[in-house]
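So, here's a batch of structures to check.
The two complexes that follow have subunit A in common; it is paired with subunit B in the first and with subunit C in the second.
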Partner chain A sequence: MAESICRNLRDGALEGEHAPALSIKDSIATPFGSDVFNYVLTKLSSNILAGKSQSQGIVLVAFSRSPSFYVDFLKTNGIDLVSAKKWISILDCYTDPLGWKDSLKGPLDTKNFSLKDPIEAVLFRHVRNLDLLLSAIIEMGEALAGQGKGRFSVSIDSVTEMFRHASLPSVANLLSKVRSHDRISSTFWLLHSDLHEIRAIAALEYLSSMVGSLEPMNLSLNGQRGDLEKLSLLEQNSRKGKFHVRFKRRNGRVRVMCEDFHIKQSGINFTPVSSEEGIINQGLLPKVQFNLQLSEKERIDRAKVVLPFEHQGNGEPMHIYDGRRSLSEGKDEKASVLTENLQTNEDSGKGEIIYFRDSDDEMPDSDEDPDDDLDI
Partner chain B sequence: MDHHRSSSLLDEALALDWTQPRVIVIEDCVETNGAFVLHHVLKRSLALHTSSTSAVIFLAFSQPFSHYDRILRKLGCNLVTQKDNKRFVFFNLLTLECPDGDEGKTSGGLPSLYREIQKVIIALHDENRKSITIMIDDISLMEVAANGSTNHVLDFLHYCHTLTLEFGCLLVTVNHGDIYSSMERPALLLQMEYLADILIKAEPLSTGLATDVHGQLTVLNKGICEGQGNSRNRTHNFHFKVKENSVECFYPGTRT
Partner chain C sequence: MAAMKTRMSSFSRNTSVAPAPQAPGLKSGPNGTIFLSSGIPDLDKILGGGFPLGSLVMVMEDTEAPHHMLLLRNFMSQGLVHNQPLLYASPSKDPRAFLGTLPSPVLSKDDRSHNRDPEQLQEKGLRIAWQYKKYFGEHQPNFDSHRDTKHEYCNDFDLRKPLERHFLTAQNICCLSIQDPPNLAAFRDCCAKFLAQFSRNNSSISCAGRVAIQSFCAPQCEYSNMEWDMLSFIRSLKGMIRDSNAVAVITFPPSLLSPSSSKRWQHIADTLLSVKAIPDEDKELANLLTGYQDMVGLLNVHKVANVNTQVPVILEATTFSIKLQKRRYLVLECLNQAPVDGSSGSSYASTGSCSGSTKTGTLDF
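On to the complex of A and B.
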């Protein structure tokens, strides 16, 4: 349903309604949220270029990656950046978010503001001032979308970074204003769920119309596993995982979908869920030297064992197998001269339960627990 | 002979290309000290064959210069000479104290430390020293110096990260995992793990103490080229034994 998300963002907002807002959540066990973010960014960019989307431009607020990373990434993923300045702008909150850098002479000045850069990147040095940040976003977006009613999209590559610089109410306020702005078509952002309090995550989920969470393929049980198991889980979780998406429909209904994802050299791939329950079950059994499970034959044999209770059996006299029967049977077969007498003697040597009833009224033993009728 | 081969397991796992920006995070605990990894990378940084183009900037919050000098001498590296040649720049930050309420300002404490480092790097760059390594030992003590402000430390690390991209540096940090074990959300530890391109965890063996094996190293290397279509993350796990002059790394069960 990564495709559904991208379609949703492409279609944008209806008049008078909030813009679709996507929250991408990951955790340290599957730290691939930025791959999903980049995937969504690429899809939206190609929709914009093809003229298929409501949005006419993207304002990318970059906290955790440099603008040049995005330039290289989009180029590598087949997005034509020739006319990029017309449809994408980057608000650079990565290079100098707090204004610590002096205007020292050096590669710093020339590198970031080169006119040769295909994408316009505007340096922003006051990330603690969210009002200023919001006005910068709106200004850049309106420049892309033009004077009329054209709309633009806003993407924030790390809301987690925003939370480091500002309080929950201010961040929530900014995001709320973004999604309710009448010139914003859609918005999406990334956060690391294990770095925030539950209420912060809940606030963001409330603001989103779509929540995409990445989860590991196998939930590891801490401490109980040996080193090799932990390592193989780690390896597996570094290559793939599950992508759960929750859609909030306009009528209030919630739809949950799930997909698998794989991390490749080129990026992230989504595939429908494969049934790997067998592997999960295997993973839960402790690895020991002996076999804990029964084979089919063993199961059948176990079902055939007749228990030495009077009520269980087929009406014949009960004999407990004491290990001597097969031996004496073997002897019987061998000794063809042996008469029935001998057999009878042998019979009496076998183990036998002789049960004398107390009275004939007594019911045969049953499996019911006689204490069942107690009302404790 | 032996330690060349065995520490090459660690080098293989790190797969360092000294011209590419990389963030290495070393996480250890009381039971298994990971300082030897730091010393190993330090030695490698200074022993590059293209020796005139490498340099190390060392931010020491934990130990004085003499400590590292003594250890690196045993590994066959003379820090005093390197310091004189300006290939080893040592910042003694044992007594650094950030002024209170430093977070909002851009002067004093960590911001000015950052600007000093930036100046040093620009100067080194001008002298054609292209393979620069910034080492921080250790992050938890930097947090102490910053009066417990995790955010301030993270801001500083963010700026160091911008330096790695701008100048193609290597950033190596050490953090102690068990300091944060009682916290539900150890922000500093997790942020470092997110930031890391290479995460090295030094842990004890799950089977307990042993005389021949001091612990195990798990190296998670993100962004490794493994050919078309393959996963770009690689995990390595091996055991190690720290000796007087070297460290021996070997796969579990291969020690005779």
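On to the complex of A and C.
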């Protein structure tokens, strides 16, 4: 399922459509959003290198990690960086986002990296000015994708960082312009959901076509739990979790998928859901009101019911109840099942139907209609 | 008429009825209201004739699905077919581009089959009308098959065919982008100017106007933080609409507003609809509903405008499924529950979104 996200980003946008956008959300309970982000980045990079994807380059806007981190990360994950300058550029908003170092030390050269470094990283000092940021992204992307119709992808390290510097409407404006730009093939970003208001998160979900949220494996309840249990829960949550994705499909339906993930030394692994059913459907409609079939338990109970009629329908010889309890009790003691006897004895102790037959001439279950003698 | 009959009582019927509107695309309804069509025949039927002139229609979007666009497209196309001026505002950079996706009306009634259930065969034997209400609409004879599209009150629109160019190049379409302006003053002035063309006076209506505003509180708009300003804009738009022969449709995603704002917006609407996405490949839902495969979403009618009357409109059902018949025609159908095998019917849980007749009562027989 993480595969299908990567495939969606790889396939990119159709003509006249907005680019697919993935939002990766995490929280303090499962702080592995950056691992998922790096995973998606790796997959997209390998797709670009293999020539399978619509986009021809990635512009990575790095807010929360330095460009050198990404260089090392891609190297260790087997992405060939020999020709990296042709397909990836990093907009470095990490080193000096507000231009303070610049104003302290005097003008420095714009490139933070020496020419030997494999990836081109451009220092960006004006994160508060989102128009400038957008034009820098577009410029870098067009340089990667060439003059013609080629497209590129944009990935934003952490939108949470962007929110520190700019308001919600301006960030949303930037993201929607990125999505609707005709040279952008796909885009993905990371955000930490517990650092924002609900409105901000709702706005970002509105703007994205896929929302992947990380959730802890076991949602801890507020019940009485011992310390050892809490520790074991923390242990479990520290390496594993659930990854829920909501896809907005073109036909207007929403596909909900779920996977387990496991963080290992080498990276992150996604496995299909191991535990029982994944999603509890809220149910847009009421459940049915009537039940036409009996469960096993209900069938047994039905067999046990003692009918108030004279013949019980179970093949036993009919005996007419004539108000003398001792007869039935005697019969019951001879029965093999003792527990049921106790039950019926107890039941007969609670309430009694005392019925005296009118006459012993009446045959049991005669077909005569007692209302026949009424003259209407 | 009253002069012809001998008067039986001292009451006399006032026969001076409002004149039937001369303009195409308008229909008179009860209580002296005049309706204009929403562009979706089923929706007109549900709402009792269409959208009344002078009312504000609000559609609550679902952030996960673009169904509100279907409603807007049909609304706008219907207006253009009837030559009613249109004001369209959206948060995209180029709203004119949206006009290219407007559907074209279906030319003849024969194109579209009325048979909602294609598997239904004419059997000689016993026919069991399961979910019988589905069949009520089929027996209406086609009176209007000889009329051409211009004079039909409500057209069926083929969503796969774009609207012809000559409708779009008319002078009466005004498109606005609401993404960049920092506040709503300019937009308000534009609406005021547009609606001044249709102000109400006692003479007959020359033409009616339509205002369509898409995703009014979208986060990329500069003013989307200013909740009171947006509310005040809607309030003044409602006032302007009341005074003119026009209908405004505003769509907005309620989850992007604060809860109190969202409530206020819902209250200010005359007609309130909402669209909802449905999960894809949901086996439970597929078992519960017939026709799940064709459904693209759900439409809920929360409020229907009651103009000039104190009697509220109570609908038989408030939840409808949105289907694309033959992937072209938008139909709204009442939800039909499939025969359930009952093995899971342990609890009787009902949500408020389904038809108004189901209530969780304390009496359970």
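Methods note: the second predicted complex is superposed on the first by the 261 of 376 C-alpha atoms of A that agree within 3 Å, B and C clash if a C-alpha of one lies under 4 Å from a C-alpha of the other, contacts with A are read in each partner's own complex, and residues count from 1 in each chain.
FYI, a contact is a pair of C-beta atoms (placed from the backbone, for glycine too) under 8 Å apart; a residue touches a chain by one contact, two chains touch by 3 or more.
These numbers come from a predicted model, not from an experiment.
Chemist: Looking at A:Leu168, would you say it contacts subunit B, subunit C, both, or neither? Reply first, second, both or neither.
Modeler: second
Chemist: Using the touch definition from the top, say if A:Ala203 reaches subunit B (first), subunit C (second), both or neither.
Modeler: A:Ala203 contacts subunit C only, not subunit B.
Chemist: With the two structures laid over each other on chain A, which partner does A:Ser180 touch: subunit B (first), subunit C (second), both, or neither?
Modeler: After superposing on A, A:Ser180 lies in contact with subunit C but is clear of subunit B.
Chemist: Between subunit B and subunit C, whom does A:Val122 touch in the aligned arrangement: first, second, both, or neither?
Modeler: neither
Chemist: First (subunit B), second (subunit C), both or neither: which does A:Ser238 touch?
Modeler: In the superposed model, A:Ser238 contacts subunit B only, not subunit C.
Chemist: After superposition on the shared chain, which partner residues are touched by A:Arg249: those of subunit B (first), subunit C (second), both, or neither?
Modeler: second
Chemist: Please indicate which partner A:Ser66 is in contact with in the superposed arrangement: first for subunit B, second for subunit C, both, or neither.
Modeler: First partner only.
Chemist: Who does A:Pro31 touch here: subunit B (first), subunit C (second), both, or neither?
Modeler: first
Chemist: I'd like to check the shared interface: which positions of subunit A are touched by both subunit B and subunit C across the two complexes?
Modeler: none
Chemist: So in the complex, which bits of subunit B are touching subunit A?
Modeler: My answer: residues 104, 106, 111, 114-115, 118-119, 122, 125, 151, 154-155, 158-159, 162, 165-167, 185, 187, 190-191, 193-194, 205-206, 216, 218, 220, 222, 225-233, 235, 237, 252.
Chemist: Which bits of subunit A are touching subunit C when the two form their complex?
Modeler: The contact residues of subunit A facing subunit C are 167-170, 172-173, 175-177, 180, 199, 202-203, 205-207, 246-249, 251-256, 281, 283-293, 295.
Chemist: What part of subunit C is in contact with subunit A in the complex they form?
Modeler: 63-67, 91-93, 179, 218-225, 253, 255-258, 276-282, 284-285, 288-289, 296-298, 335, 337, 340-351, 353-354, 358
Chemist: Which stretch or stretches of subunit A touch subunit B in the complex?
Modeler: Per the touch definition, subunit A meets subunit B at residues 28, 31, 66, 68, 94-102, 104, 106-108, 111, 128, 164, 192, 194-197, 226-227, 231, 234-235, 238-239, 262-266.
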